[in-house]
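These notes open a run of structures that come right after.
You will see chain A twice below: alongside chain B first, and alongside chain C after that.
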Partner chain A sequence: MHGRVKVKTTAQQEEEKKKEREKKLKVYVAARDACFSKRKDGVLDDEALQLTQQLLSANPDFATLWNYRREILTHLETVKDEDEAQKIYEAELSFLESCLKVNPKSYGSWHHRGWVSARLPRPDWARELSLCDRCLSLDDRNFHCWDYRRMVVKMSGVPVKQELEFTDRLIGSNFSNYSSWHYRSTLLPLLHPGSPEPPPSRCGGDPPHSCSPPSPQAHFHRVCEEQLLKEYELVQNAFFTDPNDQSAWFYYRWLLGRAEREEVISCAYVSREQERVAVAFSRPVNAQSGGLLLVLDGQPQRAEWRSVHPHFKHSPVWICDLPPGTISDVANEHNLTVHWTEKHTHRDCALYTGRSESWCRDTATDLELFRSELSVEKTSVLQSELQSVNQLQELEPLNKWCLLTIILLMRALDPLGYEKETLAHFQTLKEVDSVRSAYYSDLCSKFMIENTILKMEYAEVRVFSISDRNLTTLCHLDQLLLVTHINLSSNQLRRLPPQFAMLQCLEVVEADNNSIENLEGVYHLPKLEEVSLKNNKISTLADLQPLASCPKLRRLDLRGNPVTQTANVESELAELLPSVADLLL
Partner chain B sequence: MMSAQLKDVIIKPDAPSSLLLDKHADYIAAYGSKKDDYEYTLSEYLRMSGVYWGLTVMDLMDQLQRMNRQEIIDFIKACQHECGGISASIGHDPHLLYTLSAVQILCLYDSLDAIDVDKVVEYVKGLQQDDGSFAGDKWGEIDTRFSFCAVATLALLGKMDTINVDKAVEFVLSCMNFDGGFGCRPGSESHAGQIYCCTGFLSLTGQLHQLNADLLGWWLCERQLPSGGLNGRPEKLPDVCYSWWVLASLKIIGRIHWIDKAKLQRFILACQDEETGGFADRPGDMVDPFHTLFGVAGLSLLGDEAIKPVNPVLCMPEDVLQRVGLQPDLLS
Partner chain C sequence: MAEEENQFEEFEQIDFLRDRHVRFFQRTLQVLPERYASLETTRLSILFFALSGLDVLDALEVVDSKVMIEWIYSQQVLPTQDKSNLNRGGFRGSAHIGIPYSTKGPGVLHPYDSGHVAMTYTGLCSLLILGDDLSRVNKEAVLAGLKVLQLEDGSFYAVPEGSENDIRFIYCAASICYMLDDWSGMDIQKAIDYIRGSLSYDNAFGQGAGRESHGGWTYCAIASLCLMGRLDEALSPRELNRIRRWCIMRQQSGFHGRPNKPVDTCYSFWVGATLELLDVFQFTHFEKNRSFILSTQDRLVGGFAKWPDSHPDPLHAYLGLCGLSLIGEPDLKKVHPALNITQRAFQHLQQLQQTWRDNAGSCVGQQ
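Here is the complex of A and B:
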């Protein structure tokens, strides 16, 4: 069904073809029916092997016939001695080799080969490995063959080092080989694990070379620094040789960003007035599935955790209401601890006498906040990487891979210091790779939000202001749990998404001059008082419905929105949002 | 030293640029009547999926009534085996691939009671392995595609709780790669088809937050080539079916706007055959029902209002899933 070019034929050619096909059909159907009827009768003989061989040679995807062959072979195994069985299975391997020559991408043939190899009384794994070598030399992207190779390597205990050298050879002869770079990404952490964490003992007693590779996204998937430097060099060779080969750039981005954030409770917040606790985690969790314990003044509480928006079953922010009266008396001091039991971590928070709220969290720095995207490697290394890629960019000023990599390196080095250059590079990127301009806009938005969070942290304020920055999306909202004022005006936002409900301390929202048409995330914000949405695209009263869940909302500016043209808008809004005293239409 | 040559196709100026729905409906309606055709007979090993492709695309075009409902339901009944599994055709062995296709067809026809549903559930459950993975059938081939088939079948039957979902999730996550994508098994290279299965799997199991959506989304949007078509892996040719798998995955992770929709639409339309109806993998190639479904479904995801809305996770009409009561998660 793939790659069959349609050819124009004459009526006569068509007629001849038709006759030929009819003939083929007859032979095929006869063989198929003979196979089926033999199988139905439980016949497991040589003739059945021949018949299935004939059919499978033409059609290796006929899975049921491979099954039939396996039934016959397992039967023969029981009636023959070991040498004969070995011979039968070896014959099967030669047959398979001929099938794979004709169709190297048949799932059925490869699976059957794996099955035969594992059953062979005296397996010859070296031969299997060399079959893979030959097959990959014909097509170095055949993922069936790569997968078979991984199985052979695992079964026969080929050292990881030897496989890494194999990828050296393939990459050396052709840098543009995504499959080899991929394979490296699974081998390197096994061979050169980074300190401090050694690879966990998830493989029981098996020697390390027979481990299945751990997920690269996992915490322990690091590569030691010495090897990392060698890898940088190898990849540089690749992209200096062919700067448009995406394989090397994908691999490079992975090398640059392997660190994962620790799993912690990043912030605990308590409000006396709302009698509410809000907790932020370093990754989305499901607090309802247990594992979270709230202790107030030494007493474990029966807490009912809820996510900030019904849209989320997993969320980085969770809230729970304390029983009425528990902490409402300002004359009392309270001590609160949230335990994340499965991660053996907790966070304390003291609410002092006379205070209306309190929180406890890590002092955030650039390294801690956005580590998941950035490397924690030595600045000097990254600095010299940046120099090299800058050199390449001088030769290839419009190379998108190069531009994007420069941006990533700059962010790893000094996100605020390089902000201006970053924005300029993004602008060029959107022009040279316009097909993906929305991706670059979103990525740029993300980086600008990160920068704004960093600035806010340094200034130790609870005001998040990012206006006139061409923001197309909002992210990292879990980092804004304590923010009281947010200014998003003059951007290109189309919505305040469900994640917006994580801003549990929010009092004032300014989001004028965007293209906002959806306010889903302005949902149960207990302290929200003022919302300014001038010049947006809110068109129906239903779009404003979420605001009705914010009990303290008293000022709403909707000037310049289509909704203001609705009939009886004023009285309708008075009914929908009774707390709003100050309505601007 | 070889260098990377950009593999792509060129769309000719006279390639079709409008949607030929009537021709496609005629093509599919006629396809099933070629039962004594050689090519048709060769594809018997996947007949059940073939029927699913044909019926789904007909339903998306609101032409399902043209197909022979009773004949198809009888066929499915005849393909259910003692073990509960369903085969591609009569005389063939049961497999998860065709079990899912059969259940999907019966959902289109609102006729799940035609088969023994409890036995299907037992069959699916019995194929789960200790590590959480699923074998495609009793012969033990392991693949993340089969993890998807298992949970999709059970989700449609409302029986997800019969398997060890935590373990199943653990296995699929162990197939995640350095690029945020997924392959067939742990260590296998990322591939758009497998990514579709794994993002769909994580949607159905409520675990989409486990993805690195920004990284995966970047890899996926880099599949778009200058012709507008999408490929399934780096340095491969564009293809209508990969266009669906990439597009649906992007939809599931909330990043469909990261590709150029107009260009993709132009590519998909150019893969139509104006004479015969149907879609091919690439402009100028032979059409088949498989690419016809994924062409039409892709256009639906891109917002073509002449086609019913399609669900990106199950590749079925949204109205059918509403009837079943299934609404898989999507990232926002």
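Here is the complex of A and C:
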């Protein structure tokens, strides 16, 4: 249903139009019925061609009629010689051109044209390309036409280089040409493939043999460096010329981008007291159906792995319990290996005598986790890009694409070093692009969490503290497997989500002065002893239910929560949380 | 125009004119203007827009449910005596082929009669909205008809005769399987492969591989994966974040479907619902979204248009309402973002499915 602009008419004009429409309708219905009865009787003649032509001119979306027409044409092909067939199909192409003039976005028409072009004895691909050029000059975003052009290019074997030059011309004449940039993104990796790297794989699902193929656009890094540098220049020209057009910025982001990381076990943790092994992956996996093997002191274990919360079939963190007595004696040394057979990767962990717990991990720094939005090919390249975009930012201080790109580049180069500038840019961004200010707040929260993780790792402590930062959501909780103390006070959190259950080593939670009403994630945390939730929005006893699953919980501060006003709250809580000796209401 | 009239227009523009929209959909159900003749073959989908629209408005009482249900069932391709046409199963768009009216079997074999995947989808939704228990849906035929539409690459045709094939029909297929609680009608893994293959360099989905990113196709991709329960399996957290970013950038005032295109009412749902499924809809700007949608409201005849000062049509009227429902417009029912029916209709579906499971469990000799 295409937008039709309102036009005022007089009553008389309305009446005349009505009569005209009634006449048309009669003719249409008669023709349609004639068509159907012919088709039903299996008649495939010239008259049928004419009838369908009449109808399709009025309604090119009547798919059944195109099918009938294809049957007629296929039949005629068998009874006419090649020259006659050529003529018939050429006439068909002319007919289609007139249909497309009426509605250049009709699926039926384009689909049929594709069919005809493929069957033409002597196709004229140059003519087809010229049709596309004309169509695109009227509407360069007509994706039907672009799709058709891609088909023509494929069928006629137009070299990729030529098509790339075609995009050069289009972009050269008008940088604001999103569809052209898109087309270019599909051509570039074909013409200038980058160095072969292991294909980014996505397997993690149930049957290991049925891996989803990488998306074609996962070939982020598959453009060779020399060409990449030329492309940077082209794109910079574009966004310097028109910084407000997003086409070039999206393309630039893609050029700077990088493929998915390998799927590895980033951390293995073992606790004598809980007799439990916890494993963190670099991305969510499904380890329930097998694939994750535990070997203890050379002996494979019959381990049953579960995700930290029943909500998750796919989770970065998996845990399993060892039979009682297996590792509880602190006098014994143990060696564990966790194998992830899906990806032929493993991690070892040694539990020494006298130690109650042990772990082995890649830090976020090791993995360059938070830089991985962008390619880390050469810091010098990124530095030079940052310089360019900074220059533009001086000329265009209110341009949001500029600000976003600078933030991106800064985080790729030095997240902690550029923290202050990044926060300042986010402030500006929220002002110049206020429609998305909530999203930017959330994005900024995420970056602040990342920085806190990095700082924590540099300090080599297990305390995660991020208070008074206007945090609205939590993320990267899979990086906090080893954290013992967490302070989230004075933020704007509304819940501790199920992912919070990944904090398997947590002993103390401080989350005062938020808006927390949901504690789903405080679930089966084996070491959790203290929880402080002063001045939140916990309103019912049911909200506190998850806490009952934490066996060691002894101190709970609920002051300033609506739930404290519930009748008999003390006795109810005593029943719900018997281990809590220290209850503050 | 006089000053007072302008002020009056402005005042009316902020108001949501519920009753006009109810009447708009009522008229849609009775008679459509001639310019809709080209949509004859997809008539059932227009019925869906009207019924679901009235459902969102909580005004289904104006509909004669019994009559509607009978008409919908009359579009079902019924198996012939010898069941030779099972792989043509599904629902037609309308009676335009000329099959004689019938809601009971056996069916009549006609060489060009078949279901259409989008009509089967909207037909089933419409039945649910009207409170039907789907007991007269021939599931065997529907699923058989669906199976033959899937290509090697995982995408679907709309009809067994052949048509264009792309991600839209994967969405229809996934919805059908979801509603019937039976995924034997499609190869899920192949569909996921096709969906992943449609992910474009700028982190949204095209109609197929190598094709341009678009809000509508992105909805089809994400909603399908959600219905299949495979969202986190098919897309990595980073990919999901990038998709969220592309979608969030579609809001100008309302939403557009592609960069550098004008905003259009229907994308308040297509992109809005995608953001809702990806858990970030709360970061959009509700006020600007609402203002735009209401600027396309037709104050005289009701309904919404794609742009201001354009004629309203059932599709934009329905999706405009859904867009408003997403931002919590008072007195509008909540919409299930993946299935695109009200939560009320969805709960009805859940109850039905529970009944089917209970019955299957209690059947002696099953399994």
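The criterion applied here is as follows: the second predicted complex is superposed on the first by the 538 of 585 C-alpha atoms of A that agree within 3 Å, B and C clash if a C-alpha of one lies under 4 Å from a C-alpha of the other, contacts with A are read in each partner's own complex, and residues count from 1 in each chain.
Here is the rule we go by: a contact is a pair of C-beta atoms (placed from the backbone, for glycine too) under 8 Å apart; a residue touches a chain by one contact, two chains touch by 3 or more.
Everything numeric here is computed off the predicted structure, so don't read it as measured data.
> Specify the outcome, clash or fit, for chain B and chain C once both structures are aligned onto chain A.
With chain A as the common anchor, chain B and chain C collide in the superposed model.
> Which partner chains sit in contact with A:Phe240 here, chain B, chain C, both or neither? Use first/second/both/neither.
Neither partner.
> Based on the superposed arrangement, let me know which partner A:Trp359 touches: chain B (first), chain C (second), both, or neither?
It touches nothing on chain B or chain C.
> Tell me which partner A:Pro498 touches in the superposition: chain B (first), chain C (second), both or neither.
Only chain B; A:Pro498 stays clear of chain C.
> Should A:Trp146 be classified as contacting the first partner (chain B), the second (chain C), both, or neither?
both
> After the superposition on A, what does A:Asn174 contact: first (chain B), second (chain C), both or neither?
first
> What is the contact status of A:His311 with respect to chain B (first) and chain C (second): first, second, both, or neither?
Touch status of A:His311: first partner only.
> Can you list the residues of chain A that touch chain B in one structure and chain C in the other?
Shared contact residues on chain A: 1-6, 21, 24-25, 28, 36, 58-59, 61-64, 67, 107, 111, 141, 143, 146-147, 150, 176, 178-179, 182, 185-186, 212-217, 245-247, 250-251, 254, 283-284, 313-314, 434-436, 438-439, 442.
> Report the residues of chain A in contact with chain C in the complex, numbered from low to high.
Listed in rising order, the residues are 1-6, 21, 24-25, 28, 32-33, 36, 39-40, 58-59, 61-64, 67-68, 107, 110-111, 141, 143, 146-147, 150, 176, 178-179, 182, 185-186, 202, 204-205, 210, 212-218, 245-247, 250-251, 253-254, 260, 283-284, 286, 313-314, 372-373, 434-439, 441-442.
> For the complex, which residues does chain B have touching chain A?
Counting only chain B, the residues touching chain A are 1-4, 6, 36-39, 41-42, 45-46, 87, 91-93, 95, 137, 139-141, 173-180, 183-191, 206-207, 209, 212, 214, 217-219, 221-222, 224, 226, 233-237, 239, 255, 257-260, 263, 273, 280-282, 284-286, 288, 290-291, 329, 332.
> Over in the complex, which chain C residues touch chain A? Could you list them?
34-35, 37-41, 96-98, 110-112, 158-159, 161-164, 189, 192-193, 196-203, 206-207, 209-214, 230, 232-234, 236-239, 248-249, 251-253, 258-261, 264, 280, 282-285, 288, 305-307, 309-311, 313-316
> Going by the contact rule set out above, which residues of chain A touch chain B in the complex?
1-6, 21-22, 24-25, 28-29, 36, 58-59, 61-64, 66-67, 70, 107, 111, 115, 141, 143, 146-147, 150, 173-176, 178-179, 182-183, 185-186, 212-217, 241-242, 244-247, 250-251, 254, 283-284, 311, 313-314, 434-436, 438-439, 442-443, 446, 497-499
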